[in-house]
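Each of the next two complexes has chain A plus one more chain, namely chain B in the first and chain C in the second.
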Partner chain A sequence: MGGLTRGYFIQRLLMFFLTIWIGVSLTFAIPRLSGSDPTTAMLLTMMNARGYVENADKIIAAYKESFGLNDPIGIQYIRYLWNVIHFDYGFSFAKFPAAAWSLVTPALPWTLGLLTVASVLSFIFGVTVGSLMGWRKTPRWLNNILPVSLTFTSIPYFMFGILLISIVAFKLHWLPATGGYSRDVNPGWNAPFIKDVLAHAIMPLISIVITSMGGWALGMRGLMIGVNNEDYFLLAQAKGLSPARVFFRYGIRNAILPALTAFALGIGSLIGGSILVEYIFAYPGTGYTLYRAIQEQDYTVIQTITNLIIIITATGVLILDLLYPLIDPRITYKKSVAS
Partner chain B sequence: MASDQKVLELNDLNVHYFTPRGAVIAVNHVNLYVKKGEIVGLVGESGCGKTTVAMSTLQMVSAPGRIVGGEIKIEGQNIVNLPEKELRKLRWSKLALIPQGAMNSLNPVTKIKEQMADGITAHEKISGAALRDKVLKLLNDVGLPERVYNMFPHELSGGMKQRVCIAMAVALNPAVIIADEPTSALDVIVQRVVAQTLLDVKNRLGVSMIMIGHDMGLLAQMVDRVAVMYAGNLVEVGPVGSIFEHPYHPYTQLLIDAIPSTKQKKPLKVTEGLTHDLRNPPPGCCFQFRCPFVRDACRQKPPEFKQMEPDHFVACVQYN
Partner chain C sequence: MAVVATNSNPKIASRRVSIWDSPWLNSKFVTGGVIIVLVLLFGLLGPLFWNTDLAFTASSPVNLPPVWDTGGDPAHPLGTESNGRDMLAQLVVAIPSSLKVGLVAASIGMAVGILLGSIAGYVGGWPDHIIRTITDSVITIPSLMVLIAITAYVKMTDTTAMALVLALFAWPGPTRLIRSQVLTLRERGFVRMALLSNVPALEIMLTEMVPNMLPWLAASLTGGISGAILGATGLEALGLGPTRVPSLGTIINNALRSSALVRGMVWWWLPPIIVLIVIFTAFFLMTIGLDEIANPRLRGYGNGK
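Entry: the complex of A and B
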């Protein structure tokens, strides 16, 4: 019967928590499997900085005590889970008194804002271009133009970013080259700041959209060609329906389903996804934070971001799962099968 | 019951598929007509051009295919090269299709009611309760329960889906319905039910039909006239009784011989030899490479149609 049933909802919700639990447990286990000791690593960085550290063994012991690393692994695990629920990941190793979570939160809106818009735009453009390319009735002039829009797909997006910076920012001085906003504006909900943020976001946005829409377009083209040969598509034309209705209701409506799944799975990579773009544009997002944390071996920050990726991916999949029975009536987890 | 008024005429129809290695002649000088209230069966083996005939009648030959000659008249109006907009008005209201694949001919993501309604509303101003009543009546006419109205295609069996297709095809009471192997994907029992539904609907509404198939046994029970096609050419056309009693063309004889029988075990003869390359047909008869009675004359020039019995024509050199 399609649609959302209560059993289906509960099942999906359980799946959601199970996924997060397994993912979060893995981020707990993997650093402990690696065998390297974060406190010793910290001491080493201190030594590198100052040459000699007195009472190194006492410091290690004190650290272990305060981080709770001497407790049995089970206790550590339960305490970790408890902290994860409260978004409390402890202190950052690299920037010690700062909490790991407090290093990540300021970066979140930047990345989510930029990449959500970029992903949605590239999905919409890509799907539109791809569907038109895969449709037999597309006017010929349009079919000649469309592939041109995919030229930049073959350029890596960071290369395209560098190109944009050098031309648009340095040669033409149209847009600011790097950063999330200028230093001379006051962060907050005021017009100059918002305008400044938008100006800074344009180039990273374009470099992501232009270079990633091609993937969607090519995938969608293949899906659309497949639908073109389906009997129901033929019948829709034989019914004398308007081309627009055939295209949207019979074509895209069916062809887009696998693309939507891929899109939902890609939501998780929003957080860590465009590290290179954020790096090139010095954009203050989580990708850049993750890059720095990996460089500085800042375990707790890495853990924070990893867990965020897990939670956001799971949320994306959950939302898709809940929407799927509405867009594809064949998907339902009901046990009884209609005769 | 069949009157003399011709609702559909194919006059000297030629359809070619333009491939990089030359034009494939899929339909070659086909002349065929359907009278009002008549079912014409179009038979032939796979790849002989049956479906191409159907698709070109609907003006839906897919590229690289093109109608290169001839005319198709529906109620006297030639529809070849009609602009797309005019064609769209004509489709479904004058010419409906019952598609080949029963399993896949309905849009999987929309409800039956919507798929039946959109074909109607594209041509008629009707909505609300009137539309609903019309769709329900159509479902009822093909023997489907009312609940089908609100169901999705995957919730129906193959036979039910095909009956939905029949209900859709008769919705606007078209002049001609083209049924492209309407029962080929179904098992024999369901085939019987669907065939019966088709006949019921046809008798009640008096529509004319071209029924494509390769099952001579099934066609024999349903159609009024049979047209036999081989490699893009019509080789024999005639009333069903006359064809089964006196098949004149060797190919028709072989086809009828190939109908399985429980009384005797017959060796299958039709597979002997291969169809010629459709890109460069041989001079003379199209069946010369497989014909058991082939003579020198067959290789000279193509045979002409000759009337053997009332309304029964055959194109074979031995009768010329």
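Entry: the complex of A and C
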């Protein structure tokens, strides 16, 4: 028994599509339920900016026609879902001839890079700190230091980012405050550029890692305390195995499994938090692009980024879910008993 | 709160050394609770001592530093910002509204969670299967992302609308928790006893199960409130909050848009951040304190209460 069974695979795949469908449908349904209309809203801002717009009602009608807003809601919804599936999000409202998609793609590598590194680092640090806190044999001095690392847990990522910018960048001038790279370096695979990108990434990275690791640490501490009392753990100690071996092979190895599930569930909020971090640091990723789209009321770009992030998150969760049975052979068995 | 513990088992309670031995007097829980009460009092009693009209644009001179800086004016002890708003008045108005958004959203989430969670855990079978699948799917949706997309379309006018939108994602956490609690409680002796005595399902739920889930429910509520405040603050910081009423996130948004960071106007962006950090820390302390009340094993070795 164990490994990746077909039933488990199908169930996870179903959840993957369900997640995307619910997320994408909410962003379609709620604005329409509320009766607000993006084209009118955009014309209003145009009017505010320029004082008067000629033939405003005709422009609204033309926009509605070209965006298909006159069709029945059911048709709109089906077309919307179809567009989501094959990544066709139409034109940008604000920079009209440009496709919304083309405004978002340059930002993707920045976000994916920052997020992957940040979430992996935060999970590794969190799990290490948490396991040490929950382990009975942890040296006392260490146990007094470790809780200090949880001090920042309840601070939102972006607020910690603001504090970092004001101290590290503006007071101490140690690191660049904002942006993804400086203007005077040449983008490409050369040493100065890579060094510059890393220097710009340090602060956003720190603000996410420091503030998010505490959550994993607390969960892991609880799991580790549970493992401490298990028979196999006591036996391993009684056999006189080295503390390091007991800690890693018998402690973490068993306690980490539920933590991995929590990690999969936490990806969504991590991504949400990182959007604000990018905005604070004017980091050239999707979060910052999103902020600019909000400023310009560029609804198609907002929609594109939202759908894209939903799909990326769901994919990340799906990959973790599919890897999970390989790490914990009990999981597929348990599922079949439960259902 | 100690009443709950003593009521449920009077015999043991009378044998206790004192009422101060109650698990509800967990130091983290009490500390967090006291901080929240203090913050709330600041917001509720503030209007009695300070003119809240100063929280609106052009009500005060612009860019005044706080009173302890050179050039500060005692009439505006925490200074003013570039649009002529008094910082102290803004905080007084913003604190209760932020807490209200959190409480309303989390309560709605909790109510939905109790309903769905108990159906899933109690009834089981296909309703359980459906509720669990949907809950697990919604939990992985990056909620802030969807909320941004929604609030970018629908301009928020007041805090209630904001709370309702946030409640969209406030229910999966409580639902999961309550389902798992109901599942374990259903197998316990006293619930089986009630079942055999033909007690109606609703009564079993309310009189047998809910009192036993109380610390978990409370932990889920405090966690939910701070989660909702976090979401609201994020939206407001991006400029998507209710524009008419000052809120903590909106102050941060105004400060960032007017480059208060570069201009060194610390008194503009730091106070809302400090208040929010205090609020989040307090709810965080309450949540882990309640976790320890609910699950004695988490109290750990030696560090006790």
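Throughout what follows, the second predicted complex is superposed on the first by the 290 of 339 C-alpha atoms of A that agree within 3 Å, B and C clash if a C-alpha of one lies under 4 Å from a C-alpha of the other, contacts with A are read in each partner's own complex, and residues count from 1 in each chain.
As a working rule, a residue touches a chain if its C-beta (ideal position, glycine included) is under 8 Å from a C-beta of that chain, and two chains touch if they have at least 3 such contacts.
If you're wondering where the values come from, they're calculated on a predicted model, not measured in any experiment.
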item: First, second, both or neither for A:159, with chain B first and chain C second; value: second
item: Touching partner for A:15 - first (chain B), second (chain C), both, neither; value: second
item: Partner chain(s) touched by A:241 [first = chain B, second = chain C, both, neither]; value: first
item: Touching partner for A:290 - first (chain B), second (chain C), both, neither; value: second
item: Greater residue coverage of chain A in the superposed arrangement, chain B or chain C; value: C
item: First, second, both or neither for A:136, with chain B first and chain C second; value: both
item: Touched partner set for A:254, first chain B, second chain C, both or neither; value: first
item: Doubly contacted chain A residues - partners chain C and chain B; value: 136, 339
item: Of chain A, residues touching chain C in the complex; value: 14-15, 18-19, 22-23, 26-27, 30-31, 34, 36, 38, 41, 133-134, 136, 153-156, 158-159, 162-163, 165-166, 170, 177, 218, 221-222, 225-226, 264-265, 267-269, 271-273, 275-276, 279-280, 290-291, 293-295, 297, 299, 302-303, 305-306, 309-310, 313-314, 317, 339
item: Complex interface listing, chain B residues touching chain A; value: 58, 60, 62-63, 87-93, 95-97, 99-101, 104-111, 118-119, 122-123, 151-152, 154-155, 157, 165, 168
item: In the complex with chain A, residue positions of chain C that touch it; value: 129, 133-134, 136-146, 148-150, 152-155, 165, 168, 226, 230-231, 233-234, 237-240, 252, 256, 261-262, 264, 266, 269, 273, 276-277, 280-281, 283-284, 288, 291, 295, 297-298, 300-301
item: Chain A - residues contacting chain B, complex; value: 1-2, 136, 230-232, 234-242, 245, 249-250, 253-254, 257, 327-330, 338-339
